[in-house]
Amino acid sequence: MILTVEKPRIDSQIAGVFRDEAEDYLSDNRVDCAVDLSNVRFMDSTGLSSLVSLLKFIGPDRKLELCGLTPQVTKALKLTRLDDIFVTRANVREAELAREARAAMS
Amino acid sequence: MNDMSQDARFSILSSFENVANLAEDVSVLCGNRAEIDEDTADMLRLCLAEALNNIVEHAYQGAEGKPIFADVQFMRDRFEVHLIDEGQPMPQGQVPSGDADYDLDDFENLPEGGFGWMLIRSQMDMIEYERRDGCNVLRLGKELEA
Amino acid sequence: MNDMSQDARFSILSSFENVANLAEDVSVLCGNRAEIDEDTADMLRLCLAEALNNIVEHAYQGAEGKPIFADVQFMRDRFEVHLIDEGQPMPQGQVPSGDADYDLDDFENLPEGGFGWMLIRSQMDMIEYERRDGCNVLRLGKELEA
Amino acid sequence: MILTVEKPRIDSQIAGVFRDEAEDYLSDNRVDCAVDLSNVRFMDSTGLSSLVSLLKFIGPDRKLELCGLTPQVTKALKLTRLDDIFVTRANVREAELAREARAAMS
């Protein structure tokens, strides 16, 4: 399923709420997840932390992917080397195609 | 940039909102004055926001209404921003390492913090910390392309 | 605007180029912080440029490298910019009148100067001049809409 | 004839040169003149002064009109009441039509 972040920023004012809501959803629904960040123009260190928390939370048995990264978000992930940890997709459509491909394979 | 002699000092009281505004004001000023491109100005704003959030969170432990100063100095080939507060000193009297060579394969032990300093270190050419007269003085410097 | 406690002080050395930059920096800062619209920020830049050009031209009689300070203070319902220099005082120790009620029909005697002060007077809600400790202190204030 | 100002600003750095060049032209060519200000985004008090000087220079027997005023220039003229002294036209085309109309009348 796709988790779309509506806010234009994930910073200290919102990162905690975002993580808690996402974790609630992911404990109720044991599914793979793609986080749609196409609305997010600005992410700071607390935003990055919340994504890492989510990745640990979802664990190795499920997929957490990021899609729709804007330039600043791409840069922040790269500078902290987190771009090596997260699977990223160009947009929601690509994330869905990847999920369908995985479903067809299993 | 045309002249070596343009300085600015900003004074604010601690709060997450005020430091976000200050990070924006300083990066806009540097963008105008030092003719850095928009991407660089965005990353500068991010670094300043990280350093200033740390002051509110750690130096002042969340307390609002405490003084924070930002001195901005433009020189021909670089500029510096000095952040000054009267809060708790840095642990071990120095800037946290924040190196980005953590172990990518050690899933369980991925860092969930410390990204702030990684970002600052990746962007600034000079980072110096000093405890002076009961104040924290953090000096951040950036070289300008010729 | 969100907090009463955001001040900034700019220091420059006199030159026509530096004062043009300063007028821009201060008006951009006020535009960001006080949420004034672009037109108002443009006119503010014009007024600051006029007042600062007068400092270079008249107070410092064209001399470069002399100190000029601009203090910017944001309050809930207005902001003030104080311009400070160490040059010659204003004539008669006061701000030139610069009223715009000259005689439009008296073609030969149309004013060819004094427009700077007309513009400043038309835009600012407070204009106060004081000679203090050998310095000129010009305080310009603008009310913000609620 | 139309005098087009190419620069985006008429301020203290350029107002003097502008006035001198315009006056030179107008002493050599005893014609009416429309100053095209459509490129000028910013005019300060010295710019206003230079326009008044020109108006006095050209004298009562010839016309000096302004055309193509941008918003900031319009505002600066209005605030100093100089909009009551200068005849203004929307653009170069309007200024030319006005000149033709005057020629047809005389």
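Read from first to last, the chains carry the letters A, B, C and D; within each, the first residue is number 1.
Keep in mind that, in the parts below, a residue touches a chain if its C-beta (ideal position, glycine included) is under 8 Å from a C-beta of that chain, and two chains touch if they have at least 3 such contacts.
Computed from a predicted structure; not experimentally measured.
Here the CA centre of chain A is 59 Å from the CA centre of chain D. If each chain is reduced to the centroid of its CA atoms, chain A and chain C end up 50 Å from each other.
In this assembly, the C-alpha centroid of chain C lies 27 Å from the C-alpha centroid of chain D. Note: centroid distance chain B to chain C, computed from Cα atoms, is 31 Å. Residue positions of chain B touching 2 or more other chains: there are none.
Chain contacts here run in a simple line, from one end chain through to the other with no loop closing. The set of touching chain pairs reads A-B, B-C, C-D, using the touch definition from the header.
Those residues of chain B that touch chain C in the complex are listed here as 2-3, 5-13, 15, 17-18, 21-22, 24-25, 28-29, 32-33, 65. In the complex of the two chains, the chain D residues touching chain C come out as 11-13, 42, 44-46, 48-49, 52-53, 55-56, 60, 71-72, 75-76, 79-82, 84-85. Touching chain D in their complex are the following residues of chain C: 16, 20, 39, 42-43, 46, 49-50, 53, 100, 102, 104, 107-108, 110-116, 118-119, 122-123.
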